[in-house]
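Have a look at these structures, which come just after this line.
One chain, chain A, appears in both complexes that follow, with chain B as partner in the first and chain C in the second.
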Partner chain A sequence: MTDGPVLVVGGGPAGASAAASLAEAGLPVLLVEQRDALGGAIHRQPAPGHAHHIRLPARHRRNWAALTARLSTTAGRIEIRTRTIFLGVDGQGRFLFDDRAAERVFACRPRAAIIAVGAVETIRPFPGWERPGVMTAGGAQVLLKETGRPPQGPILVAGSGPLLLAVAAQLAEAGNPPVAVLERGRPWRAPGALAQLGLSGGLVGEGLGYLARLAASRVPYRTGAEVTRAEPQGDRLKVVIRTGSAEDVVQVRHLLVHDGIAPNRTGIPLPAPDAAVPVLLAGDGREALGADAAILDGRRAAMQLLARFGRAETTTPAEERGLSRARAVQTALAQALHAEAAPPPPETLICRCEGRSYAELAALPEDASAREIRLMGRFGLGACQGRFCGPMIAALRGRPMPAAAPPRWPLRPVSLAALARLTTDETE
Partner chain B sequence: MTAHFYWNGEPVPFRPGETIAAALLGAGIVHLGRGRIFCGIGACQGCLVAMTGAAAVEACLTPARNGLRLSPLAEEQADHD
Partner chain C sequence: MPPSPSLHVAVVGTGIVGAAAAHFLAASGARVTLLDATGPAAGATGASDGAVSVASKRPGPMMDIARHARAFYVRCEADGLFRGLFHRRSTFLVARTPVEAELVAQHGADLAVAGERVEEIGRAALLARIPGLGESVCAALEIPDDGHALGYEITERLLQRSRVAIRRDAPVSEIVTQAGRASGVAIRQEHLAADAVLVAAGIGSSALLGLGDILIPRKGQMAVTDRAAAGRPAIDGHLMAASYLAAKRGIVRDNAHIGLVIDPLMTGQFLIGGSREDHRDDHATDAPTIAAILRDALDLYPPLAERRVLRSFAGVRTASRDGLPILGLHPHLPGVAIATGFEGDGICLGPLMGACAARLLLGVPAGIDLSALSPQRFASAGGRP
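Our next item is the complex of A and B:
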């Protein structure tokens, strides 16, 4: 074990909470974030000089203000490196980073690491999801928060989950309400689950607020409706919508899709109990439970490390209770929005990076292993390393797709020149 | 003149602090050669763009800078595993 800092990767709510908790206990922390500012998926900050058009619910704003205050109180013990990408752990156990501003790769051996790299959105594939003009709803929201400018031209928002409503309401607020929001599930048919959500805190109130905003802009919220196809037509997308057995077609410039979120695990070193450098996951990157839970989970991970170093009790009952509540909310939400998955048409692209279709996936043996799916099927081998097709394949085959072991690095393309400059004497 | 970078030789204006992806979308550019902006958070690698004199970068993560010369990835770069 070294006396170096504890590494925290990811400057979202989970990473910020972990870093502050460790620093408050007196430990030096290296906090690494790939973007130019902290905040994570939810608190993406507007570019300097841009007005803050997109207002998050007050609870989230208060939570983030509290976290940034804690970070500045402990600033002396936290080294924050933005525009720095965690690339993974190499064969010699070195943690590698790409400092994008300095165009250089560096390595360090931390005392321990908390990896809080958040979630990725999942989507259910349909023919055309890979076309330009189709974006994830959360990705579009991140851009909207950054600029305050909505994408121009008609927008359709489709898929499943509360994020659809949030994004649509924010687009309306920013001046370009979507033509419709399509929710695959039929929440009104699951009153039990809705009632349970109503009892469990702010989520339903937040959702009703968004619905009211959409009603004010006359944006239809259609449940039990889904996109079955999108194809380019001039500079537009022709989108086919199915509602029960009825079909209709809309022409839009942008199609925003989203079917939930899942932990971003690809290439992330998983904790081994006997590892020389303990590695813990925190936040949505451990279990996708949302922003409030991410703060609790960051603190829980920090306390687990402190306990390991003999500096705190392991148990964090308040955090555990909060996490169970968040889990119950997610379960009720999944019940309220459940929609049976039908296999997509054979020509549907599954792996966009390598151009592999559902027909090619379905042709693999029923019991193909993750390795066979990769090597025989050539799925998950492209630049995104399976971050998108991995969850799709798992959902379509009805079982998880195990991660490649050991994790592959670099997580991202990195300049060979920058890698070549990495020598042992650059190890910090 | 406002700050701008070049996409395929054409100037694209941006406001300071914006990412390359935000500026491209703001200018109505959605086709990035074989690529496109999709996840907005650096995960899908669909938005990799070539930068003259430097390594390819994710447009959605990289702040725009005045005078950058950007273009779609060459086929063999896009295919690179």
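Our next item is the complex of A and C:
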């Protein structure tokens, strides 16, 4: 299969950039996106009937406009399929997709694949994180982008990382500033890392802009503070906050938590640039470096593939330099915000799909196999198949979650009837 | 004969059979070292349905032994060992064509001859028990005394109760002999001395004992759905299609054949299987096979259309050339016992077979007729053991 399309999975900045770069070089591309429109988490479009209220920083808007323009210029060579969810690769190398509009699963054998499925949010679990009213800050941000409306009632934003500031500022902009932003780290105690960040330009400007927006709405930004417990109280959440050795309690309607992002690798095939059907990863799904780097990384992956097909030089020094800079920023951020993690209380829920606690995780043998963790522990066995709980489990056990071998599909729950209606591009 | 207090047995394989053997050996005072190339229930035990079913067994010794094995589950449930892990439930043998109806009737007659309770159930009565059943179902039998247990849960319980330490990541490469008798096993560079060795390593037994022309890997692909009910089986029994009986009775031998079973798990999920792919020992699943299984399952039980598939997976059954398990002392190598070749019946047979293997090693009569399973049958036919 030499003239089939190159598959690009994910229509965020990395996938769009990869697709445009491949199409510009003359290759046909199949670009699949799980949502109704391209854009990824950062450029999530409003749901039908909702207006766009969340304005991203100008840099991001310009970047996306440029990518969209490149995609329209090369539209003749790019087939875009939206509402199409990547289900993984089966044991015979078929790439599987859930076509939600057609209500059927289709399989294809592309010429090559670039997988750009973004990152997953991570959280540090505490008792009550699974309660109604608690959600991830990134999830809340996506809802805000889709509906233009912030959650109603008092909101607390807690965890670690720059996303806390962005979400809080966007909530303020949308008319419901949070009661506080709690940052677990103590960046002021890491002046070296802060100085490093100061040299990084755009990102720091963005962060300062958010801080200014929060100051204008009188939203306190507390560092060295973390949530240790949340429990329902009427239609509110009682949230216990620890700052050093002091504890205080706030009552809120919504608690938004976030502790960074990690590449979404659960069930994703391993990169195999030299295989008969080359597979490359790109964007936050390869290395979580953020939206600017994702555009470079999508182009880097496309160039690598073009080189493999003898259509371009292998080296992409401009992209590599940009990625190095982004990596330096992320490293400095991680240093500035680093906070030691104590094990959570035993009753803390770890797997919300199957209702499994930290005590049950800790009871597993240290060298438990992937199958023991799944079958005996019942971790990673539910609807998320470990996509959300996997990084938590890895962090708590201090070792990577052993991968199921071979990788399991479907990556997402899929309608049994749709899977039974499987169609393939094969002539069998 | 009381066991020698110093008897040390190396059990190779920590599936349901190895775990049961270790448990009953330890209970009799033997010292046991339990070894597995990866970890407990890593093979077919952890990748199978939960049918403790006589209904599916081939007439003859298998059917008889399965009745003993199921009774053993009932006893272990009653005495506490398997408490909470074994549940009685009916198996429904269902036919969707006149030819299948004949097969089901024949199988029902064979079960009755073996002493099994078999009840004819008309379409209307069956629909009352399992609402939504497909229109193509034209005949069915109920086998009311069958049961359900999950192999990995039984394995875990056996290991917990016996307190036998298991050595993970301990691949046995060789059985070491001294003066014509097993003296231990080799694990990488290590020699582990033992008075006797039990090989219960599924398809891994093949390389260890040179059974390559006797044991056949048979891959089965399956799918698991989301919950149709909360914390209880979603339907009142195990659905076993005539296509499964046809495979078990050796009427169909075809790698594309689906022997359909729909197993309602205690979690409210469904486990749906499966393919029967001879000479395949990988754990990969492919979309066309899974889709074929699901289409067949939808025909038998259309309400599955409301479910979502959470995962697909494959297990590798170890079948012997003649379709019967291999259980007994090695014909040429004193100090070695073999327990493998349970094909898709290891969950049903495993605990009893492990207990019988323990008795053989201890020199105690097994208590049931296991002559049909003896490895001797391959020795006389010119096989290697």
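The rule we apply is simple: the second predicted complex is superposed on the first by the 408 of 428 C-alpha atoms of A that agree within 3 Å, B and C clash if a C-alpha of one lies under 4 Å from a C-alpha of the other, contacts with A are read in each partner's own complex, and residues count from 1 in each chain.
Definition applied: a residue touches a chain if its C-beta (ideal position, glycine included) is under 8 Å from a C-beta of that chain, and two chains touch if they have at least 3 such contacts.
Just so it is clear, the structure is predicted and the values come from calculations on it, not from any experiment.
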Which of chain B and chain C A:264 touches, first, second, both or neither: first
First, second, both or neither for A:135, with chain B first and chain C second: first
Chain B versus chain C as contact partner of A:36, first or second or both or neither: first
Which superposed partner A:47 touches (first chain B, second chain C, both, neither): first
Which superposed partner A:320 touches (first chain B, second chain C, both, neither): neither
Which superposed partner A:100 touches (first chain B, second chain C, both, neither): first
Partner chain(s) touched by A:387 [first = chain B, second = chain C, both, neither]: first
First (chain B), second (chain C), both or neither touched by A:146: first
First (chain B), second (chain C), both or neither touched by A:248: neither
Partner with the higher number of touched chain A residues, chain C or chain B: B
Chain B and chain C footprints on chain A, overlapping residues: 381-383, 413-417
Residue ranges of chain B in contact with chain A within the complex: 15-19, 21-22, 25-26, 28, 30-32, 36-46, 48, 54-58, 60-63, 78, 80-81
Residues on chain C engaged by chain A in the complex (per definition of touch): 38-42, 46, 152, 156, 168-169, 223, 225-226, 282-288, 290-291, 294-295, 297-298, 304-314
Chain A - residues contacting chain B, complex: 34-36, 41, 46-50, 85, 100, 103, 118, 120-121, 131-136, 138-143, 146-147, 149, 151-152, 254, 264, 352-353, 381-384, 387-388, 412-418
Residue ranges of chain A touching chain C (in the complex, touch as defined): 90-92, 94, 96, 105, 107, 365, 367-369, 371-372, 375-376, 381-383, 385, 405-406, 408-410, 413-417, 419-422, 424, 428
